[in-house]
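I have a structure I would like to understand better, so I am pasting it below and will then ask my questions one at a time.
Here the chain labels run A, B, C, D and E in written order, and each chain numbers its own residues starting at 1.
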Amino acid sequence: MLSQQIVNGIMIGSVYALTAMGATLIYGILRILDIANAGAYAVGAYAGWYMYSVTENILLAFVFAMLFTGIIGVLVQKFIYFPIISKPNVIAIVPLITSVGLFTLTGDMLRLIFGPNVKNMNMTFKINAVEIGNVRISAEWIFIVLLTATLFFVLWFILNKTKLGLAWRATAADTEIAKTMGVNVHISMALSYVLGYGFAAAAGTMVGVLYNSIYPTMGDIPSYKMLAIIVLGGLGNPLGTVVAGIVIGLSETLVSAYFGSIMPRDVIAFVVLIIVLLVKPSGLVTRKNT
Amino acid sequence: ASEQPAEEPPAEEPQAEEPQAEEPPAEEEPKEPIRIGFFAPLTGPAAADGLSTSNSAELAVEIINESGGIDGRPVELVSYDDGLDTKQAVSIAQRLTTRDDVVAVVSGSYSGPTRVAAPIFQDAGIPMISGYAIHPDVTDSGDFIFSQSFPGQVQGKAGGVVAVDMLDAKRISIIAVDIDFGKTLAAAFKDYVVPKGAEIVSEDYFGMGDSEFAPIVTKLKDEIKPDLIYMANYYGHGAEIVRQLKSQGFDVQVLGTEGIDSYQFFEIAGEDAEGVMITTNMNRDSEDQATQEYIKTYTEKFGIVPDMVGASVYDAFQVLFKAIGEVGTDPELIRDTIKDLKGFKTVTGELIEYAPTREAIKPVQIQIIEDGAYHYYEEIDDLEIITPEPR
Amino acid sequence: MGELLRVEGLSKHFGGLKAINGLDLTLEEGETLGIIGPNGAGKTTLFNVICGVLKPTAGKVVLDGEEIQGLPSYKIAHRGVARTFQISKPLKDISIVDNVVASLGIHEYTGIRSLLRNSHKRETVDKALEILERTGLLEFKDKLAREVSLGYLRRLEIARALATNPRLIMLDEPCAGLSNFAINEVIDLVMQLKSEGKSIVLIEHNLPISMKVSDRITVLNYGQKIAEGIPEDIRNNPQVIEAYLGEDDDIA
Amino acid sequence: MLEIKEVDISYGEMSVIKKVSLEVKEGELVTVIGANGAGKTTLIKAIMGIKDITSGEILLDGVDISKLPPWKRPELGIGYVPEGRRVFPNLTVDENLRMGAYKVKDKVKARASIEKVYGMFPVLKERSTQLANTMSGGEQQMLAIGRALVLEPRILLIDEISMGLMPILVNTSFKIIKELNDAGITVLIVEQNANKVLKIAHRGYVLETGTIAIEDTAKHLMENDTVRKAYLGG
Amino acid sequence: MYLTVVSVNIGIFILLALSLNIITGYAGQPALGHAAFFGIGAYTSAILTTSYGMNFWLSIPFAFIMAGIMGGFLGLISIRMRDDFLAITSIGINFVVVAIFQYSDFFGGSLGISLKRPYFFGMKVTATGYLILIGLMILGTVLLILKMKRSWFGLALSSIRNDETAAASFGIDVNRYKVLAFTLGTAIAGMTGAVYAHHMTFIYSSDFAFIVSISILSMVVIGGIGTIRGPIFGAILLGAAPELFRFFADYRMIVYGGLLVFMMRFQSQGFLGYDSVLVRAFKKLFPGGLKKKEGEIIG
């Protein structure tokens, strides 16, 4: 059973990492704890669901979800976040409250448009589950792990290997000076939101497929769990996010399998977080410096 | 569907159109409406249940008004959204009792809001019937407070009957949601099955928002190997559990509760739902005309199939209509009438009477899922089992 | 006059980098010690270690015969050591005068009891204004610290240090970013402090200033002392010239 | 090349630059000196586009750039050494320099410029992977200068080059500026160290509480009594 | 009656917002788990009055102390962690506290705790009674904060908020003051919790969930962080919102979310913050009217 549980844990962990990837990116670049990213996750799931129910094509559903939500992301950053963070002397809580407002807004908008009841994709993967010894991994899960790995790699590559990534980090450090170096902050931030919200949408759609249920409040739990994950991962660090997601997935699974119901599942993430941070206040993975 | 603003007066036309037998011709002024309060979580995490109940409330009022109201007086619904927040429930209760001039109230909400509102109605001397709140303290608030569903304790016991007496389960695993609903049901279930010689081989509790059950299912499949799983949880959880069972290839009898009595359970679980049994209060295969009529009109009007919470709230209204029809709008008389109500037909079966704790005594339905729908399996009407124990 | 401060075998390493490396120093009561040395020599790090912002890797800091290394910086401040920051650290969203008042309260921060004591008594505010006057900040007294120009923030550093009424003042490049006129004011101020018997440690790259006010100058390089002596000697020290001053002052 | 015409700038309701006009011709090295709080930094920020002007014009090659977003300016060849270093704190030294070369399209060329800067300030090369905020004050200043140079600008705006540098490096950096200028780069430099800057500058402006008080050749300024008293310490 | 009950609810939020403002507004520590301490107070009082038969009035100081002690622990954690790490850790603490309430039978577990209405000299305390009590508590808290703003304590918190290293350089024991700020702020929240529990007559773990913390913080920020009037105004606005917005029926959560976004977008200083449009207009109309008193710190 242990090996199966470890596999379960890693799988769940990849869902968490996937879910938190967009928020990690946005935090890494803009230092905004963007709770509304969980709203994008739900919006993305609905967009994916809509496309799938019209076309029955899952690939199209993914692309549409990411594009649609990414565009919303651009609008949101252009008309809301950007003006806010470019004001002088705004405190860090302001964007956070904004994102809470946005999150409330999107959740309820979804409820009004689509109703409070669950929607489903009823999509079955044609591929069979893989069995290795007595460990069983379903096709959906393999797909999730691949998706997480891909997004992680894309993000890692952009952040560390491209000029855009450098510009993002510089903008986070000092927007004013970044501008004078030639960074068009409108474009670079818009891009960060396209990706940040696009990733969230991919996660939302994927989770919608996985659990076969899409509903307006589906972002509620990710909204805070992803905060725990990005902080545990060392804030704004994609590798950290993957590691943290898996650590949390594993902890939850193993606790639930071997200790039963000693605490609510969602709390495990925070218990792990608090313990890790007390020992290592800068998170699991920190950027190397000399 | 509940775009209707909270206090919009109900449509008045039906009254004019319907030929009204016992009434003198239509020259008379329209009579003062009877106002009935209602609250439910229309926003927030429980919005789906809120919608079901408010649909039912609307439907109940519409139907009674179409048939000429009560005593010729139209019924007006004063409906509020509590957002599943106790603070709001308190203000709503205050508003209903001091401003809105309602003669009685139905709660379409969960235990928390219903529980905090109850003492306010009690103090104001206005009867409240809770549709489906399970918390035992709700009716403890006083003699004006009733519960339309059987208490968790009864349903848990009934689940026990199904598990050990009907299905002869020996090794049972419990998976329950960690709120009053799941805890109460699981406890009552245990209390019944353990003395009967069944063994509870595992108990797992999880949070309301949880959707990941692979670890539990793996554990049950590889290690515990129960011959029955008792699920005291809601449709989202239940559906995911049966899907996981299927995906991990674990074939075991699942017994659920009214929590998964919702069409949404099939929506999510699809074929994996087949064979699952539940304890609930509505018999979908009932020959009772009112029940079939309710299912039909509800489905036509709202485009979705009614569920247990909706049906319970609908019944709560039927009880109130009946009482008001008999004794008018005096709250104390209404209370007394409800208290003495016996053998009243509702869409969730016959309401035998209210227990001294003012919780409904009615048969428990056992339904089984076959061909993507709930069907009759058995009914438990043994009074020993369905009468709540005094507290 | 006795010894006020002694630094013994002090080291501070950042990973492999030895910012301070086995440094010995002494400061007599009432003395003004100039510290010069190339960029990155470890001067600011020395201040940070003495003031408790950083913990030393090895070695001792002795103030008044007591070892103080490793004490938290607020305790060191309580022992009469004040310092300015090379990169200004103003309290940005409060006014200039309140920046100084905050510093005047050094002995008032006694925990919950401080809740009962008014921070803006007449005397306190007057004292703050007097210090602002001395440091040429009076006209900005009601501005928020974030609204004044860099030069004035440099002066605010000094004002705040003075406000704690220290025995030992450690100035980290107080004249950087100041106009010539203001530099003279600062020199006057330092001379005045000297005459009041304060002990001073001064980091300053502007050598004429250092020479003018210091009784003694210590030269650091790579975290070590490479020379020490009276100003004239230092100026002519070939090592100092090579590593620090450069051969030729004329660039045009 | 750069021409500022009747520019007004204010913070909120407080006006800090009043009808300032100044000009830097192609290939010139011009300095602005002035007391603390005179408005020098504000003026430079306005040219760089990170402080809005209330009225007036800022012309580069005869074109008004005052409405241009700041990130278009490096494209026009404007390099900038900001006041107070403003290095990107949690980027490494090398990354800071790469940011300086952000607008250099050619990767090879960018690398070459960075290596050139490393040549000028060897300590930066030694520390190329150190995070900028852990560098000493003077080291950060070198980085700030280097970051502006990697762009190989046509015109360089410098807000206090000598701050926090050791004497030998003060000289070096003025020498670098002079050499760059000799090589044809136009320079506008704000500086407290009037003695040194006037030695290399062609012309200078004296800014007093937001207005230009004196404008003359560097040589004349050095001889000017008021300037001598107020800015040259003698 | 209805208005009274709504006012009590708002009053409770005012106290919560004012107390959070001590931690977040004055000391600058991002604390996103304030509801946990509200809950600790509520549960302390509830357990004392139900399981130990303690008098309600006596339970209030206990709630105050208990929440303060727990808040002090968070303060200790805040010494080790900065900024966003602290913010998220405080969210975590909120979740852990709620989980403890929910999972331990001692705290009523998933059934919550039902309480009896308390008496005041033999009279059942009514909504009006609670309103008076809350009013007095608000008054006390406001006076305390006024005092704080003019004291060395307030100046120490402002200094820490601005720059901890600088603050330490002139003798402020940063750690101690952080712990004190947390203790004071959370203790007031705890005291509020005691009243809340008895006013509601029923408490349940999720009454103190993270979302409540966020609402409290929104009140502080919407009103104007670091002022006294701000949190009060924010609490009134957002506290009354569920009632005011009933008019919008189904759209009210959208209106609520929209309001937050709109306010932050156009008035990030808060409605009555130091540089807000309203305050500036007021200053223009009545020069000297809102003049900063000597010694009022926050700028």
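Assume a contact is a pair of C-beta atoms (placed from the backbone, for glycine too) under 8 Å apart; a residue touches a chain by one contact, two chains touch by 3 or more.
No experiment lies behind these values; they were computed from the predicted model shown.
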> How many hops, at fewest, get you from subunit C to subunit E via touching chains?
Replying inline: 1
> Based on CA centres, what chain would you say lies at the far end from subunit A?
Replying inline: C
>> So, comparing C-alpha centroids, which chain is the farthest one from subunit E?
In response: D
>> Of the chain pairs A-D and A-E, which one is connected by the greater count of C-beta contacts?
In response: A-E
> How big is the gap, in whole Å, between where the Cα atoms of subunit A centre and where those of subunit D centre?
Replying inline: 42
>> Rounded to a whole Å, what is the gap between the Cα centroids of subunit A and subunit E?
In response: 30
> Using CA atom averages as chain centres, what separation in Å is found between subunit B and subunit E?
Replying inline: 37
> What residues in subunit C touch two or more of the other chains?
Replying inline: 93
> Residues of subunit B that touch two or more other chains: which are they?
Replying inline: 43-44, 178
>> Multi-chain contacts only, two chains or more: what residues does subunit A have there?
In response: 108, 261, 264, 266, 290
> Can you list the subunit E residues touching subunit B in their complex?
Replying inline: 1-2, 4-6, 9, 102-103, 109-112, 114, 127, 200-202, 204, 206-207, 242-243, 246-247, 249-250, 252-253
> What part of subunit E is in contact with subunit C in the complex they form?
Replying inline: 144, 147-148, 150-156, 158-159, 161-163, 165-174, 176-177, 180, 184, 294-295, 297-299
> Which of the residues in subunit A end up touching subunit E in this complex?
Replying inline: 27, 31, 33, 79-80, 83-84, 87, 90-98, 100-109, 112, 224, 227-228, 231, 235, 261-264, 266-267, 269-271, 273-274, 277-278, 281-283
>> Per the contact definition, I'd like the list of subunit D residues that touch subunit C in the complex.
In response: 11, 34-37, 41, 83-85, 123, 134-139, 141-142, 160, 163-172, 174-175, 178, 192, 194, 196, 199-200, 230-233
>> Give the list of subunit A residues in touch with subunit D in this complex.
In response: 163, 166-167, 169-170, 173-174, 176-185, 287, 289-290
